[in-house]
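Two complexes come next, and they have one chain in common, chain A, joined by chain B in the first and chain C in the second.
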Partner chain A sequence: MVSEPLRELDHLDAQARRGIPLAPPDVRPMLAWVLPPLIALLLLAVAVEIWVRVADVSIWVMPRPTTVIENFFSDFGLYFSEGLKTLGVSLGGLAIGTAAATLLAAGVAHSNILERAVLPIAIMVKVTPVVALIPLFIIWLGHGWNPKIAIAALITYFPVLINAIAGFRDIDPRMHDFFRSVDASTWEIFRHLRLPAAIPYLFASLKISVTLSLIGAVVAEFFLSGHGGLGAVIWIEQNNLRLEKVFAAVLMLTLIGVTLSTAVVLAERLFSWRLDQPVAAA
Partner chain B sequence: MPPGTNAVTTSTSQSNPSAPLVIKHPIEPDAEPAVRLREARLTYQTKEGNPLEAVSPTTLTIRAGEFTALVGPSGCGKTSLLRMIGGLIPVSGGDVQVFGETPKDAQRHKRLGLVFQEPALLAWRSVEDNVRLGLQLNPRETHSSTDVHELIDIVGLTAFRRYRPAELSGGMQQRVALARALAIDPPLLLLDEPFAALDEITREQMRYEVQRLWGISHDPTDPPRSAIFVTHSVPEAVAVADRVLVMSPRPGRIIADIPITAPRPRQPEHEHSDRFVNDTAIVRAALRSPTTPAVPLDAA
Partner chain C sequence: MPLFSVSLRRPLLIVLVAVAALAAGLGVACSSDDSDEVLSMTYMGGFVAQANLPFVAVYVAEEQGFFADENLEVDIQHAGFTGSHKSLLLAGEVDITTLPASEMLQIRANSGAPYVAVMLFGQRGDFGYAVLNSSGIESPADFAGRDVGFKGIVQAEFHAMLAAHGLTTDDMNMIDVGFNPVVLVEQQVEVYPVFLSNEPDTLTRNLNQQITVFEAADDGVPTLGVVYLVTEEFLEDELNREKLERFLRATVRAFEFAVENPEAAIEDTATFIGEEREPDLVHERFILDTEIENAISDLTRANGVGWFTQQQFRALTDVLLEYGALENDVDVERAIDRSFLEAIHR
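Entry: the complex of A and B
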């Protein structure tokens, strides 16, 4: 059995590493992060409002922020329902792009030949302006949701691909030796070692891709404005010179973007928290 | 219970009465050797394309049940030799056999228990799940009698079995790594400087822990476990080993084979004995004069 002094040391060590128990979350740091940008945004809106009123700026050039807010709430149902369409395209593209990139990365991480074959093509697609491919996607996939989701997927895959390859390869070589020493299969090494090691990398890429997917969705909706979405609203109302509606749609897009980004950050924190915390109190 | 074995008393041993742990220490000279190297060598290719000999042709036999320490200066090829035996790097020439089969087959049959300089645990798994890892991998070769809770108890971490590695000290993490290696009940332990990252006090405690754990087995019919222990510390090697192999600077070759005949089980007090001091002096002398074997080599 382990000697008593060693056992005591074990408890002291573990105690020190666990640190003091977690206190209830303090809301002050959160407010310190949220309040300054909110105040700055409010001041900017006030400044624009004053400028538009004093300089008598035409409504076709710049609507008053108060008019935008008024329109946002009066037509909230429209922006919300169109926002849901954009969100659907964005999430659909993100899911497909992430899944495809992760699968491809898993293959590339295991094969240098696949890496040499696939990565140049992936980079070539990445440097090609996606907008240029939209007409082709409309021909191939029709006028519905499919080309929009395809564009959102295409724009999101690259950060996930590069990060996932790095994550799948960033494994402890000694850990890999241990797996080999018991003749673990490639699948077992992937399932128990490579995939968990890649999770932080995947979250880092999701933070980038989630906003890219929204950009892809909106750009695709510009081209396919007959099928709704906030991109279509912006496109149509810009042609009608109803800029308060354009700004209200942009405001809704901003809210969706902030919500998506926050969701990814929270999911990452939740995951990290689960890793940092003991599985259960000993 | 076969001769030379003793039941281990543990607080949880009653939980698995069908497979009591036993301690076996005797070296079995007539059994199949644990490791046999015949002119095994390792040559690396430098970036310029030139061959770089890391391990000179080596012929060596390690008997079943033998605890062998491998000492030598940094970069002499100790770890390379260990990795050759473990099948983690292919030999450039010659032959390596582990219990009469190739290292790859030994891996396939889960005959190797690896412990590294750093614990190399999965950060996202608890102590218990880390110890269980070897059993989950390649499950066709897993011994059903292994009781993970009992092993964790033996390494003294029952109270921490649901902790994650980051919550444990270096010594505790290394005990988890030892338990993980032992969980598959391997007949050969490969220990690559397992205490190098630990403080001196923990190191001294761990060398006796390793001796205790080395002899523990789930299956009394198994041959006694062998161990190859790479270390920089001469006292550590003399304290734990039945035999100390001294390697020369690169290209590494075994230049001395020094038997350590102190009786087992060894206690920390053994390190104050004349025999220990004498054995340590012999190993140090061999290290200081790497070109002149201190003890004639057995060409076995």
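Entry: the complex of A and C
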């Protein structure tokens, strides 16, 4: 479901496409989009700060949010550079996991036999604890970025696979009959019917997978902390009991997650609009 | 004529009995001291249950009744893989726990945690560096130009060991290998850092490899193993000090028992491991034997098990400082307290 501010942005886009001059930018939709989560986060931080102070919670158990924020800004360069490493692993894993799952789903959507053969394996891989696989991935894929990206890919592929299969199959039977009646090839049916039908499903799964890929990257960095990344920062500072740094790294991770999720929402709007054109033509 | 009439005899008898009982009670009370009061405390081992000597000492003390002899009830817990023991001790949820001495000093220096070591097990460090015998590596001097593994962080003691041979990590290809010794067997690295008490057994017995393990201590690098630790706040309370002395007296006794009766100690340990998983007794025995060997030195033979000196901790701190493991110096005098061992071994 598209939120009110996004609907507003859609409206502005449509105006621009029709060549209608835009009114001076109205910042209210953007504020309405940004402010609620910021206020919610602020309220959460204030609640934790009060709880820590009133209940005299040990700093070794829960750091004060004010200390965390202070550390976040004083060491911002560190969290930013390590965040970029984690982002790289996350995006690499997301790209590979999504591409592999989409290709597999396209095949499965066309073949019930392939579905029966592949889905149990996909589920088996899904239920295997990723943590148990990391030492093996290191042996199989070496000691650099590859095992981390593989872990991120592994953790992201499943939601995409399941949603993409559903999307590729969610086509209007009458349209399918029409395509067949004009001797459309399998590729043409896929390109003009199945793929547009799957786009909303793919983006719905991406909204889940994008954050999962971050989790996969961080977990992999726990085990291969020598190359840095926010996972390594969290692991090392947890060992040092510097919890303010642990939470500051989590804060940077949150910012990356929010940015990626927003990017997926914006990409969804862009792709939906573009893919509408050939379908209309068809 | 009787001194008291019959009617007076019964009340008098009751009074006499009451006085006698009171006197007996007072006598008991006067002769008793604090040691008769049953005290309780919480111990948390810093990993899963296994035959590491600091854990075994607790298991044996419990199973052989040494804690009971001290009128001490100990709630024995394990942190598992979480590392939560470090925070729980500082939060006062746990009274005593275990950590490698270097890690204790590191946390104390880098985050200001008021840890205090009260007993030392490993008179040498827990880390070694394994090579396959077929590798042609005969000493750390041969690490130059090789693929050398590390587990997340290159240990300060490794830097010091290399320095003793005129090398630095720039002379070799350092590779982050995680926690799987198979990378050595698969020759993805030629040097693999091992936890001395268990991974050599995994490599030789489970993976059937002939290996040599180099230790920094053999090159004169000051290294130390696992300590029992409490907090400065804990030690400020007299009752806590009493608890701690009883705990250490019982575990020192258990330590000595384990040295004399390793089979029985492993049986006691198996009871606790069995609550989590099926114990591999051969492996557990390897762990125990390795740690007993590392816990006995000329120092402990002269002063008693668990003994340590300020100089040992100072030397270790200096190595950690030199190679960047500590961001600040540590006031070693505040970080250790040997008074309990002195009382026990007096």
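By definition in this document, the second predicted complex is superposed on the first by the 214 of 282 C-alpha atoms of A that agree within 3 Å, B and C clash if a C-alpha of one lies under 4 Å from a C-alpha of the other, contacts with A are read in each partner's own complex, and residues count from 1 in each chain.
In this text, a contact is a pair of C-beta atoms (placed from the backbone, for glycine too) under 8 Å apart; a residue touches a chain by one contact, two chains touch by 3 or more.
In this text the structure is predicted, and so the values were computed from the model without any measurement.
Shared-chain residue A:D183: touches chain B; no touch with chain C. By the touch criterion defined above, A:F168 reaches neither chain B nor chain C. Contacts of A:F247 after superposition on the shared chain: neither chain B nor chain C is touched. In the superposed pair of complexes, A:W145 makes contact with neither chain B nor chain C. When the two complexes are overlaid on their common chain A, residue A:F72 makes contact with neither chain B nor chain C. After overlaying the two complexes on the shared chain, residue contacts for A:Y201 are found with neither chain B nor chain C. Of the two partner chains, neither chain B nor chain C is touched by A:F158.
Using the contact criterion defined above for the overlaid structures, shared-chain residue A:S58 touches chain C, although it does not reach chain B. Chain A has more of its residues touched by B than by the other of chain B and chain C.
Residues 58, 60-61, 134-136, 138-139, 142-143, 223-227, 232, 235-236, 238-242 of chain A are the ones touching chain C in the complex. Chain A makes touch with chain B in their complex at residues 1-3, 6-7, 9-11, 13-14, 17-18, 172, 174-175, 177-185, 188, 192-193, 196, 275-276, 278-280, 282. Across the interface of their complex, chain A is touched by residues 83, 86-87, 90-92, 103, 106-107, 110-111, 113, 150, 152-153, 174-180, 182-183, 186, 188 of chain C.
Residues 10-11, 83, 86-88, 104, 107-108, 110, 112-114, 116-118, 120, 122-124, 126, 133-134, 136-138, 141, 154-157, 159-164, 166-169, 171-172, 175, 180, 184, 190, 205, 209 of chain B touch chain A in their complex.
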